[in-house]
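In the two assemblies presented below, subunit A is common to both, partnered first by subunit B and then by subunit C.
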Partner chain A sequence: MSALAQRLAGFLHQPGFQAAVPVLILLLIGFFGPLVLVAVFSFMPARSFKLDGGPTLENYRFAFEQSYYLSLLRSFAFAAGTVAVLALVCYPVALGMAKLFGRYAGVLTLVMVLPLFVSENVRLFGWVLFLLKGGGVLAGAAKAVFGIELADMLYSNSATLMGLAYVYLPFMLFPMVLGLSMVSRDVVEAASDLGASRWQIMREIELPLALPGLLIGGLLTFVLSLGSLTESKVLGGSKVIMIAADIESAFTYGQNWPLGSALSVLLLVLAGGLVLVVLSKLNLDAILKRR
Partner chain B sequence: MSWTPTRRHFMQMTGAASAALAAGALLPGRAHAARDKELNIFCWEGYNSDVVLDPFRKEFGATVKAETQTSDPEAVNRLRAGESKVWDLINLNNPWARKSLWPDGLIKELDRARFEPYFDKMLPAFKPPYRWAMSDDGKHLLGMCQRFGPFSFVVNTDKISREMAEDQGFDLFNDDKHAGKFGILTFDDWNVYHMCIGAGVHPFRPHTEPEFQAYEKVARKWVKNAKFLGGDPVQMNLALINGEIDFYCTGGTYTASPARFDGKTNIRGITPKKGPMDGKGGIVWIEVTSVINNPDGSPLAYDFLEYVQRPDVAKVVAFAEGTYNTVAQMGNPKVLSQFSKEELDAVQWDSLEEEIANSYEYDINPDYPRMIEILNAAKRER
Partner chain C sequence: MDIIAKPLARRLIAVWTACLIAFLYIPIVCVFLVSFHKGRYFSFPFDDFTFDWYGKAFSSLQTQELFLISLKVAGVVTAISVVLALFGGLAFARFNWRGRTIFQHLLLLPIFFPQAVLGLALLIWLTYLGVLPSWQTAVFAHLVWIAPIATLVVSIQVYGYDAAQEEAAYDLGATRLQVLREITLPALSPGLVSGGLFAFLLSWGNFPLSFFTTGADSTVPEWLYTRMVAGYTPMVPTMGALIVVGAAAVLVAGYIFIVWRRRPIGG
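And now, the complex of A and B:
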């Protein structure tokens, strides 16, 4: 016990820890504090706006009794779909940017980053104008130039998925580029010299070595799309209700902060749990150290 | 009154600003500083517009901050949660001042001698003592009126004639023939009221179990049959103009006016001719702006209430930004004469009197919490 106390005292006296104290306090108040508040609110009686009610599990019971599992499942499905689409779309681009494009990679990076400077909502409404039936950019042009009537493209689940993939593309792409640039050219060349096929190189050299980047990109896009809201509203016409939309509705029109908090906690626990499981299985530290 | 993602994004930023504002106001040192040169307004969008506020800032040398709110009940709850220490003026739809804010001591009364004469110059319906501006006992003046408008649904008259829409009312949405031909603008509280009307149920009275069932049936049907649900009036109007849909609810002059002012006069707000609210089938909202019972309130609040009554400012408020609305001050020829023919047409001045006559005045739905849950479940299980 005293050894532990000594170690703790030693830790507290470390200049590194002491220097980190201000930031630590800021994080505790600014990052951890609101989360704690949400967690506490989730145990307050429904529709209360104060934290003085007795703790109750009523909100969680309500969340399980109602069909919120539908929103949760759909959010997870869309998040998984987004990761899958982005993995396929981004891999070739990332490979090009890391290995092939040379100085043009910088230009491409700029092109990919630029949209991030424009609000997500504005970009999604741009897509609405583009995909709109009748006078939309795409449908209007197709009709004027080729004389063909395009089918409806907006307000469907595929439009939502497209929107998610579009908005979160940079979050997959750049970690992937980093990951792939960690793959040394010498290793690839050595494998090639030893007679590995292109497919073998990708499977046995590139993918394992680039895994940290792929993993971080996948996790980022997964978690971001899990909490997404606007894509399904604007492009999907609320064909599906994402869990974030349910949370928003509980806090606003529903005026039920405790229910919204309970849903948030559920999402947080599920997403956090999943991330932890994935990370523990793949042990990011070991992968990073191996490099 | 609107709920658009773009605006919400803007509000995320102003939210941070207002949080800082709130924090500042709660600091003990500042609590009793003189506030005769600053004014904080919590309002539906329009009053926060610089075209309204800048001349006031200049004339009174004041720092004016305004935040737009997105739903009446939410705004009321924020005041209850302590923000009455932050704001000086609150702009809400009609029932809240009289039925909620005044009984709870959240607003102050206005000097009747100073403010009632303004009601004399408004449209005849607002003649003093105007019910929604008064307390229940009829003794206290609780706020000033300005913007108002019928709010039911909007059609493309090229597809569905005004007469047909007015005759059928919300049954248009009940008809399976129209599945996939309409949208739902997700102003959720209004959706609840309109779905009640569609079910033949009075939205503003306590409901029986069979009425809840009828409401749920309609809610599920509309959500299922809708082509899409969206939070932005502009998106709804675009879908109407481009033929994706033929009509949408929730809507009215408030949502149709920007499209109409843009020349698309085939987009029209409709007030049903009949319905379950004492025979009426449409709803009209009337905004009431009240002085908040802020312990350290700004004296400028009263000046601002007078300022927006000026004919030129009333016109600016009517056409502030994003949405265009009729204002009670149009009863004054000096105000009315400032509107061009196109502007009057945008706010459907031609049918206003008739629409108001067919509309029930917006009120509080006593069963809203349960009904909103039913609507949310219908959306999830769509």
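And now, the complex of A and C:
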């Protein structure tokens, strides 16, 4: 047996590898397989359903000529906006959960996790009912109580942004709490005793020490809202079209797999690159063990 | 001296947190509120409260079918996820092996992945392989996203698990199966229950993966979406409320189970 074969056999006999096999098989046939297929299809001639055409870049050219890149840019803008809004909204709450609420933090966590288990569709539909023009809960209440007519709020960019921020809020909040709870009280006290202001403490101690949590939260929020579909469809209506909606219509109504594949690849390469860069900087053992 | 010294700052944080919680629950409350509205076209405020739509939902064969499919998918996903997560969690956190860091990162990829795109990629994959989409393929699609999450949940428990107990059992002559049944499983059971709860609830409410992979079958979240986009009926808020009640029931049952399991061991 050659040295290489011996090393391979040694690798395969590790108990850890053997325990990982079932999940790895699932990922192989359910995740990497489909992704490779989509990647290959993106180089096939338009509207083909088989992989026998010659490799071509025509789908990518088409994507840029037909202003699909606008949806891609719009999705990036929405994703960046969602991260920015959530960072500002969640930071004080995360600080409170990590350092202030003490024994209530557990209950509060539960209260904030629960909506996550309610189907996204139900919650988005609830926002439609709330924001609906004329007879919606908000407009109806404003009219009945104050006698004022509210302007239409649904089917706009701001409604979509709010929907995204709403749905992905826990994905930002909880990693942030995890990150901020890694900041030791002693370090903050020491800085404070040495005369640091609240702003200095935040900028020079809290943010750097909590960075792993903040990065994970920001990354999750960014990637998930980048590829989101229902938020813009339900709250943005036909006015707000994001890249996932373009991909969907290329695959389904358009019956143009290569175009849908090319758009997916563009989205995934940009998002995946970001994920890999950030993940490679994190030590997962250290983050998860803290709990 | 505390991290947040000023009482005003503390109070502001508390108020802001309360606002955020209200924000999280506004749409859910709206759905429940509207589900009691009698009229065909919704307009707030209203005074004609009724339970009619609930009665219709329970007696309709179509809605029973929808709930049955959702339940089947979530049940099978839970069972398979727990098994995969047990071994996956051991590989993630218990064993020190070459390739573990890569495995940890690979496992996170499906979680950090836009679900709608994953659903579409799976649709193309299944169609290309000639598999007819049905509720079974939806189970497979859910697993790709949910099994890694369940594995993470179990891993957190595994990190706190003392593997020396296993060594001791082996030294006393226990077989591999005995160690698994008598040592590993009982020690990890709270993590497995939480992992199973996550799996069930995430599958029960999932839309983007189901939408592209169930074929002719339909789950409740899918039905809600198609009715929201076109063909609204007053049944939509009722079904929405029912799916929330279902999730809450499972959550409460799981919570009670965890508390009940902890009691005899913890004393």
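In this text, the second predicted complex is superposed on the first by the 247 of 291 C-alpha atoms of A that agree within 3 Å, B and C clash if a C-alpha of one lies under 4 Å from a C-alpha of the other, contacts with A are read in each partner's own complex, and residues count from 1 in each chain.
The rule is simple: contacts are C-beta pairs under 8 Å (C-beta built on N, C-alpha and C of every residue); 3 or more make two chains touch, one makes a residue touch a chain.
Because the structure is a prediction, the values reported are computed rather than measured.
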Partner chain(s) touched by A:Gly102 [first = subunit B, second = subunit C, both, neither]: neither
Partner chain in contact with A:Lys233 - subunit B first, subunit C second, else both or neither: both
Partner chain in contact with A:Leu224 - subunit B first, subunit C second, else both or neither: second
Subunit B or subunit C, by number of subunit A residues touched: C
First, second, both or neither for A:Asn121, with subunit B first and subunit C second: both
Touched partner set for A:Gly135, first subunit B, second subunit C, both or neither: both
Partner chain(s) touched by A:Tyr68 [first = subunit B, second = subunit C, both, neither]: first
Which of subunit B and subunit C A:Tyr155 touches, first, second, both or neither: first
Subunit B and subunit C footprints on subunit A, overlapping residues: 49, 119-122, 124-125, 128-129, 132, 134-136, 230, 233-234
Footprint of subunit A on subunit C - complex, ascending: 1-5, 9-10, 12-14, 16-17, 20-21, 23-31, 33-34, 41-45, 83-85, 87-88, 90-101, 103-118, 120-125, 128, 140-141, 143-144, 147-148, 151-152, 155-156, 159, 201-202, 204-208, 220-221, 224-225, 228-229, 236-237, 240, 243-244, 247-248, 251
Parts of subunit B lying in touch with subunit A, wherever the complex brings them together: 5-6, 8-9, 70-71, 73-74, 77, 80-81, 183, 186, 188-189, 227-232, 235, 238-239, 241-244, 369, 372-373, 376-377, 379-382
Touching residues on subunit A, where the partner in the complex is subunit C: 11, 14-17, 19-24, 26-27, 30-31, 33-35, 37-38, 41, 49, 89, 92-93, 95-97, 99-101, 108, 111-112, 114-115, 117-130, 132, 134-137, 139-141, 144, 166, 169, 185, 188-189, 192-193, 198, 219-220, 223-224, 226-230, 233-234, 244, 247-248, 251, 257, 260-261, 264, 267-268, 271, 275, 279-280, 284-285, 288-289, 291
Residues of subunit A that touch subunit B when the two form their complex: 47, 49-50, 66-68, 70-71, 119-122, 124-125, 128-129, 132-136, 152, 154-155, 230, 233-234, 236-241, 246, 249, 252-256
